[in-house]
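Here come two complexes built around subunit A, the first alongside subunit B, the second alongside subunit C.
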Partner chain A sequence: MTLERNILLGLGVLAALLPFAITDQYVLHLAIMAIFYAILANSLNLVVGYVGEFSLGHTAFLGTGAYTAALLSVNAGWPMWAAVPAAGVVAALFGLAIGAITLRLQGPYFVIVTLSFAEVLRIVANNWIAVTNGPMGLAGVGQGGVSDKSAFLAIVLGLAALTFYLSYRFVYSNAGRAAVAVRENRYVAQSIGVNPFGTAMQAFVLGAFLAGLAGGFYAFYISFVGPEVFRFAFMATIIIMVLMGGKGTLLGPVVGAVIVTLLEEYLRELQELRLSLFGLIVMAIVLFLPNGLMGFVARRREQRGDAPSLSPAIEERTV
Partner chain B sequence: MTALRNSEPLLRAENLTMRFGGITAVKQVGFAVGPGEIVGLIGPNGAGKTTCFNMLTGFYTPTEGRVFFRGTDITSHKPHAIARLGLIRSFQKTNVMKRLTVFENVLTGHYMEGRQSLLATFFPGEKVRRAEREARESAAAIVETMGLSRRMNAPAHLLSCGELRLLEVAVALAAKPTLLMLDEPAAGLNSHEAMQFGETLKTLVGKAVQSLLIVEHNMELVMGVCGRIVVLNFGQMLAEGEPREILNNPKVAEAYLGKAAA
Partner chain C sequence: MDLFLQFLTNGLVVGVFYALSALGLTLIFGLMRVVNFAHGEFYMLGGVVGWFVTTYLGLDFFSGLVLVALAIGSFGWLVDRFLIERVRGQGEEPGILLTIGLSIFLVNITLLAIGPAPLKVARAITEGPIFLGPVTITKMRLLAMVIGIALIVGAHAIIHRTRLGSAMRATFQDPMAASLAGIRTKQVYAATFALGCTLSALSGMLLASIYSAQASVGGLVSLKSFVVVILGGMGSFPGAIAGGLLLGVAEALWGGYVATGMVDIIGFLLVILILVLRPQGLFSIRAERA
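Our next item is the complex of A and B:
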């Protein structure tokens, strides 16, 4: 708990220096995308890692957030500082509505129904041309506003700080413990007075809110939103990040987001082969590191903890 | 023959019946648990003991009959709502949170005491911090009471069968029950361990909990611990009384051992 907090704080301080350290536009873009994905992966992890239900429809919230921000900006001229929080709130409301239906289900049923919600929203975005402009999408989001990449980096860092503060508070609170109890054993959870539905709902709506914020940011950063924000490819990327980094930890999704963003970039030369390679990587992780990289690190620490020769101080340093 | 020391029982089951399709698992069972009592619920395999437990704690809704806890009708309440009234149960198959440590398991059990608004979760004030500190202290104390201090930080999946049983009770105790219901808490323990376990249970009544209701197959434990015993057979009440009466009841012997050879 304290270790995870300290590492997160350390990463935060390092990241806060990034806007001053990086001048290269391409590297700036990579940094922005990695942090954007870290927020998204973390928001999905609240559901997958802490409630233990596998949502395949998380893009529903990314997408509603992105469209909300885009519509507010394009049609009503809202500035970023107002449109992005609004995107989070609208996504949270969608989370409340979708969660009220899907969280009554468990296991494969939950997976399928969340997936269909994202798919339905994609079809709506594609066909409701009067509002969403259909497949053409909404262009020119946030025109005349922020355009400097360093400024975007600072903004996404601020969002990330908020995300990890809220997630940290949630995960290490009584409510977060209740969520873990539901994940670990639904019956025990109920027998100690935890309402599984209500607890899952809290995590789900918090996840939706954070994904909506990320979506709103994305709309302004790319300055274009089309139906592809609801696409499964987006979902797959986020899942890979969560699984690779390690679900059920706060650090895992960050690590996963950074690695996958860089991999995606450097494997770009391989074009079509890229997706197949990703498939192989996911298979390898599921087979050899079922708890992701953080799970692997935690296990190594445990094993080393058993060895009497190592003092805790050394252990902390080697992680 | 319900000889209660107090006029108002903690838990009262009236006429409980549970049908699964054409099978009647439990038929018109009624009994009560008073304050300060340790009541045993026994019977051969398939007698309907666990079904009764599930009806009492809201995991099943009885087909007929009613359940009252401290005078409130809780018949169709949800399990977590019943738990919040102070009726806490354990499960027949050992049910703990395997990947969490002993301490974390018991700390999680304090959920009800630490319930707070979402706002307080995100921006914890002094009140929340104090509740958290108290929960941690209480968790450590409960782990100690159950004799698991040595295993405080061990993940639950590394525990022995006996330790798991103790942990299960510790988690239930963390929820600060008024009435604690244990479903076969001594299953898998050898007779020495079971007797020790029974002694631990006896010390709880009147301190950590008001009353206990135990389903158990270990007769030595049941006879040694319970003040009153309810016997079920084929889903129906067969007998009710003090341990000695039950031991000498020919119908009970028959249910367990079969009819004397003709």
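Our next item is the complex of A and C:
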């Protein structure tokens, strides 16, 4: 708990110093994307890692956030500081509505129904040309506003700080612990007075809000939003980050986001083989690192006899 | 009214293939509880391998179909023994991630090998329309549909009439008791997975002979198969067939009367509706949610 907090703070300070050390625009872009993915992966982790339900519809919130910010900017000329929080709020409202339906279900049903919601939104975005401009997407988001890469880095860092502060407060609050209790044993949790639906809902809406913020940022940073934001490939990338880093820890998704972002960039040199290799790496991780990198680290620490593990969640899983 | 009958026929033709592919998935997803996101890739491989054996090996359509069944069946067997078996009994997540990785790998290797262009599978018979009252249907579609129905009946016979089928049913009722009774459950799991993949691949080859085979088609097929399995109820044989036909007809009617652009939305709307109103599916054996 403290270790996790300290490492996160350290990483934040390091990232904040980046613009002073690096002027290379390409490296800055990589840093921005890695932090953006860290926010997204963390927001998904709240549902996957702490509630323990496998959501494959998280792009629904990323996408509604991105479209909200883009529409507010293009049609109403909202600046970034107003449009991004609005994107978070709209995504949270979607989270409330979708969660109310989907959180009644568990296991494979939950997986498929969340995925269905994301697909429905993608098809609507693709076909509702009057509002979303269909497959052409919305271009020119945030024109005339921020355009400097180091400014974007500062903004995304601010969002990441907010994300991890909120997640940290949630995870180590009573609600977060209740969610973990439901994840580990639904019936025991219910018997001591935890409301599974209510706690899951809190995590789900918080995750949706954070994903919406990330989506709003993405719209302004890329300055273009198309139906691809709802695509399953995007979802697969985020889920791979969470599971590779280690779900149920705050640090895991950050590690996963950095590794996957760098991996995708470096594999570019292999061109056509890139995605095939990526698929193989994903399979290898499932088979050889079932608890993600953080699970691996936690187990090593336990073997060496360092008693306090990174998080109670990992401790239980590696026994 | 004539137009309605035509839409209905088109929907039923496509529905047979949805049913065939979903039947494969209902074995894997409904009974083995593997949320197999690579299912559509086996469908795609069926079409692509079918194109390869008919074009390059010069086989006729029917021997090609047999070869595709053998090739994809053994591939599915190997996938289960070497990949799926290692994450069995660990819940859904490792399986989801594993099959997502597998599907990324298979799509991109196929793209690398044959490129993104649509491929034509050699036809079994000459093309020509048949008129049944107000309804028109091509000969090839009718033939493919008949083969599809025969395959569904065959799969049903395997599951309900053979020793392997009894072993499958025993294993999915209680794996422990089945292995105590001397059933080699690992082989049964692998055989079930292989059968599921084969059904999907055959559906892919049959549809490729009507339309075309393409490396990138798998994702949508996986999603639609999931939709059909949920509609019919997990692991339910008649459910998969009814769900497939329902989805085919609903899409054809929606495409005919409402809007062609949004045709893919109908399956997802149906699945959301069914999970809210009747979570166990239309024909589920067990009324449970997880």
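We adopt the following convention: the second predicted complex is superposed on the first by the 304 of 319 C-alpha atoms of A that agree within 3 Å, B and C clash if a C-alpha of one lies under 4 Å from a C-alpha of the other, contacts with A are read in each partner's own complex, and residues count from 1 in each chain.
Following the convention adopted for this analysis, contacts are C-beta pairs under 8 Å (C-beta built on N, C-alpha and C of every residue); 3 or more make two chains touch, one makes a residue touch a chain.
A quick note: this is a predicted structure, and the numbers were derived from the prediction, not measured.
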Partner chain in contact with A:Leu166 - subunit B first, subunit C second, else both or neither: first
Subunit B versus subunit C as contact partner of A:Asn6, first or second or both or neither: neither
Touching partner for A:Thr23 - first (subunit B), second (subunit C), both, neither: neither
Broader residue contact with subunit A after superposition on the shared chain, subunit B or subunit C: C
First (subunit B), second (subunit C), both or neither touched by A:Gly193: first
Partner chain(s) touched by A:Ala181 [first = subunit B, second = subunit C, both, neither]: first
Which of subunit B and subunit C A:Pro108 touches, first, second, both or neither: second
A:Asn75 touches, of subunit B and subunit C: first, second, both or neither? neither
Contacts of A:Gln143 with subunit B and subunit C, given as first, second, both or neither: neither
Subunit A to subunit C touching residues, read off their complex: 48, 54, 56, 101, 104-109, 111-113, 115-117, 119-120, 123-124, 126-127, 232, 236, 239-240, 243, 272-276, 278-283, 285-287, 290
Residues on subunit C engaged by subunit A in the complex (per definition of touch): 29, 33, 35, 83, 86-87, 90, 92-94, 96-98, 100-109, 111-112, 219, 223, 226-227, 230, 234, 259, 261-262, 264-265, 268-269, 271-272, 275-276, 279, 289-290
Contact footprint of subunit A on subunit B as seen in their complex: 57, 59, 78-81, 83-84, 88-91, 95-100, 104, 107-112, 114-116, 118, 121-124, 128, 131-132, 135, 171-172, 174-175
Residues of subunit A touching subunit B in the complex: 165-166, 169-170, 173-178, 180-181, 184-185, 187-196, 202
